[in-house]
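For reference, the structure discussed in these notes is given below.
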Amino acid sequence: MIQSMVHVLLALISAPLLQGVINRVKAFFGGRRGQPLLQPYFDMIRLLRKGAVYGNTTTWIFRISSLAAAAGPAAILALLPLGRVPAMLSFNGDMIVLVYMLAAVRFLMVLGAMDTGSSFEGMGASREVLLAALSEVAFMLCLAALAAAAGSFSLSGVYREMDTFGPVSVMSATVLLILLLSENCRIPVDDPRTHLELTMIHEVMVLDHCGIDLCLIQYGSALKLWVFSALFSGICFPFAGRSLWADLLAGLAGVFATAVVTGVIESTMARIRMKRLPEMLSLASVLALTAFLWEILV
Amino acid sequence: MIQILLLASLGITALGAAACSMPFLKGRVAPLIGGYSAAAAGGAALLAAILVLVNGGQACFSSVWQLPFASFSLKLDQLSAFFVIPVSLVCGLAGIYGTGYMADEGNSTGGRLSWTWFLLLMGSMITVIAASNGILFLVAWETMTVSSFFLVTRYHEKGEVRRAGWIYLTASHIGTALILVLFAFPGAAATGSGTLVHPACSHGLFFLLALVGFGTKAGIVPLHVWLPQAHPAAPSHVSAVMSGVMIKTGVYGLLRMLTCLGSPEQWPIWWGWVMIGSGAVSALYGILNALGQRDIKRILAYSSVENMGIVFIGLGVWMTGASTGNALMSSLGLAGALLHVWNHSIFKSLLFLGAGSVAKASGTRDIELTGGLLGRMGRTGLAFFTGSAAIIGLPPLNGFTGEFLIYWGAFSAVYGDNGFHASVSGLLAITALALAGGLAMICFTRLFGTVFLGSPRSENAGKACETVGSMYIPMMILAVLCLAGGLLAHLVVGFLPGVSIASGTPEVLGRIALVSLALPAGMLLAGALRKILLSGRSTTTSDTWGCGYILPGSRMQYTASSFSLPALLLFRGFVSLRLTTRSNGEYFPNGLSLKSGLRDSFMHRLYEPLFRSLHRLSGWFSGMQHGRNQLYVLYMAAVLLILLLWELGV
Amino acid sequence: MNGLAEILIMLLMLTNFRLLGSSRLPACISTVAFQAVLLGAITLTTAGWRLSPWVIILTASTLAVKGVLLPALLRKAVRDVGISREIQPFVGFGTSVLLGAVLLSVCFIISRPFLDSAASEQSRMLIPGAMFTIMSGMFIIITRKKALTQVLGYLAMENGIYAFGTSLAVEAPFLVEIGMLLDVFVAVFVMGIVIYRINQEFDHMDTHKLTELRD
């Protein structure tokens, strides 16, 4: 129990550090020294010191969308296990609640984007919801495969049981990696550094947010990265230590290792063409389906 | 006590209907009489049903009727009470809404009579659900069809409304014909809930007849084609009633017929597969077609097809679970389906009432001509926002609870190591629900975003203003019910009929409510933080960033068609997408237009050719209808002669 | 070793999806070559490393022919013809992958009854895997237009048949195995020549257009 609370606290504090790690890995591949590891924190503090400018067309929906972007992933942390360390709150069906809380956050973000009445945000919103619809299928099928493999309907139960490598865990881990890249707007799905409207998906939705709102949104996306990293590393780097503290440390190491892996992938791959992104996500669904069928057959 | 309430509600509807049909009624009074009698009748029936559900018993009333096999007998058991609750609630609130919506139509005969039909519709729906005699059921069913037909064709001056009315009438009567065949099986006519003593092979036929007959009313693909025509054509409060509760009478009829067939454990497993399959197809087809429409009510109508698909998926999970001996799966599937019936009636009627307000305020049902209405119609917008979030199934609103229970049922087939059939049907249910949920998110962000957010796309939208109290108060009541349904689901789930809830379920639903409250709580916290930080600083407004474009305007916004075009192109194989481009001039055109639209594939490729060939076939017989009465008398004489010879001679 | 065999079988199933979803011919050729390598590895691991000389010679020759020689031949054909992409098959690439998923489910369902008659514990999942390889090979032959892709489909089908035989431990005599291999070799060789000639004559290798040759 106390390990779970420590996990949540550490996640709340060090989530932006993951983004710093990814940036440093990308700089290393580029032969540069790169920004400081704590740069995301410096950015957020700088944004917190600013005032606010809102668009003429925006309503209360725009103003609450940034709040939801930060509050949603923070609430999800309560449901998130880290390896064998159970989540603070675990019950039958918490995996479904996790998926739908992410959907609730996305709903408000998309509406906030459409509130600005700009074609850029509309374009980003349209792409975002399509990719989200496809990735939801992959996510649900992957969770079904994991639930079948572990015999449990709760995330904490699943991650406690998944401590061996087999085809099911390899395929599930691949699906979770693809979902991590898709949901957190990493290359090959979306380039977090670009600001060309024809290539953005997530960045363009938050184009009109500034100051404290932008800080909340960046913090929220860091937390979301932590969530998906924890989900991936629990399957990909399973570890069964002698005590829960050992498991906690191993889980943290796994999360940061996932950040390094993400950095490597971002540095070595190019962005996939926008037309092929649905194919990539349907491939993820097919992988998850194969994992599920494998599990119930064996 | 309960009988008195039930009879009182039916009586009020009858009296109100009669009153509104009086020709000497003044213009202002008719909507008020109609609306408030609906509200009163709704309240009485609601109270009766709640008493039955809470006390766990049943209430009967019976009286003599001079038709053979018939008796005017009503029975409110658990299942009927469960379905009476949304009927009475939605009809009552829609009636109040109608007093404002139809306020300026009270002077015309059509407007006055529409209240007669409305009250008849309400009364006949309650009778259909509460009837315990087959003939009464059929009479009430037909009354329901006829009164809703007249309501759909209220604005019959428009050609498309007339066409919609005909399609609706034809489809309903084909369904009713199949239901008539169903009642011909002995045992069903007498009590409506007896047990059949037929051999097993005709059980399958019975099931399929019930599925097709009641499925036509419920709006399952491929029998759904009347829904997207009739619901937009009707006035908005009627659409709310039709989509919110009338299609649920189809689900009720199916469930009632299934109770004649013994316990679910004995049903063959292919029934569950058929239900899940038809539910999955309906869900996906419905929501994909909803993505391509421009008429706000047609979007909501196709979304009703999708939600009925979700209910059928839940029922399929129930049947499969029962057939494979999986108690948890079956109880959760049925619980989820029934809860979704309630939830859908609340948020769909909310959305339709909102659509009516939008149409009335901005003068159009085309979403591409609206925009920015949230600033001008704040209360309607807030209620519509709640309805949209609920229909996507976001926690903490009520849409999530029903879908969650169906998911749990499907997952329990998977993680419990329960045999191959159950697992694969669970897989199908999970895939269909996930994809339909994702596409519903696209549909309703598109709808809400285009109509209420951004800047107005037409002059009328720019001049819209908030509607009268009688129109937005029912919407706010429904929005509060959405929130209450989400947070208090763990209390409700024990009262679902026919479901034996496993012990852990209410606790899980309670925990979900708690966890989902963390989201608004966190938002409040972040909002307080932001307010504190911004207290000394400047907060200004400015134009939306337009990349340096000099003349930003409302036409620069993303249109609704563009929003959903990537999704429609991806699923092009499943919907009939038509993209026509036109340009004047070959090499340097100075005018270029792109038109995108969706045709209903089943209407276009199945029903229209079918009915055209039927028309051609019946054309061959038109030679007999020549109009000469001498020949008609000759026909009669010939038949009489033949009958005489047959009876007396041979 | 148990886990290794299962992962190899899983990779075999996933290579079929790559075959179904890719439009680039060199990628498809290397996928089929990789399938042959996987089959060799699977044969070795499921035989429990019983290094009988026949098994080694068989595996090595299969690998040489199907993994190295035939792909090289096909790559030469691609270079000569100059066409390196399959454009507009009868069933689109995304839809092919989805249909492949459906076929995979069907394979899993129909192979359920005789999973237990597999040769060894590790090669149980090879039965649905082999069936899926055969089915996707046939699917490619049916839905693709370019002759070269159809040859690749035929090779995938052969891989599937071989895998099926391995899974059920059908001890074919050595001669039959060699004969089968020769068959495949000659067929692909001939097909390569024919493709080159077709392209020379008609300036394309679209078998769909060749239907004009009928009477």
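Each chain gets a letter, A, B and C, in the order it is written, and its residues are counted from 1.
Basically, a residue touches a chain if its C-beta (ideal position, glycine included) is under 8 Å from a C-beta of that chain, and two chains touch if they have at least 3 such contacts.
This structure is a prediction, so every number in the text was calculated from the model and none was measured.
J.: Would you indicate which pair of chains has the most C-beta pairs in contact?
T.: Looking at every pair of chains, the most contacts join A-B.
J.: Specify the chain most distant from subunit C by Cα centroid.
T.: If we average the C-alpha coordinates per chain, B ends up farthest from subunit C.
J.: In terms of Cα-based centroids, which chain occupies the most central position?
T.: B
J.: Could you tell me the distance, in whole angstrom, between the mean C-alpha positions of subunit A and subunit B?
T.: 36
J.: Hey, how far is the Cα centre of subunit B from the one of subunit C, in Å?
T.: 50
J.: Considering subunit A alone, which of its residues make contact with at least two other chains?
T.: 278, 289, 293, 297
J.: Would you give the residues of subunit B that are in contact with at least 2 other chains, written as numbers and ranges?
T.: 420, 424, 570
J.: Where in subunit C do residues touch two or more other chains at once?
T.: Counting only residues that touch two or more other chains, subunit C contributes 94, 105, 112.
J.: Would you mind writing out the residues of subunit A in touch with subunit C in their complex?
T.: Against subunit C, subunit A makes touches at 164-167, 170-171, 278-279, 282-283, 285-287, 289-290, 293-294, 297-298.
J.: Which subunit C residues qualify as touching subunit B in the complex?
T.: Those in contact with subunit B are residues 94-95, 105, 109, 112.
J.: Flag every residue of subunit C that touches subunit A in the complex, lowest number first.
T.: Within the complex, subunit C touches subunit A at residues 3, 6-7, 9-10, 13-14, 17, 21, 93-94, 97-98, 100-101, 104-105, 108, 112, 115, 124-125, 128.
J.: What does subunit A use to touch subunit B in their complex?
T.: Contacts found on subunit A: 48, 50-59, 61, 64, 66-68, 70-72, 74-75, 78-79, 89, 91-94, 96-97, 100-101, 103-107, 110-111, 114-123, 125-127, 129-130, 132-134, 136-137, 139-141, 144, 147-148, 150-153, 197, 207-208, 212-213, 216, 278, 289, 292-293, 296-297.
J.: Hey, which residues of subunit B end up touching subunit A in the complex?
T.: 371-372, 374-375, 385, 389, 392-395, 400, 404, 407-408, 411-412, 414-417, 420, 423-424, 426-427, 430-431, 433-435, 437-439, 441-442, 445, 448-450, 453-455, 504, 507-508, 511-512, 515-516, 518-523, 525-527, 530, 533-534, 537-547, 552, 554, 556-558, 562-567, 570
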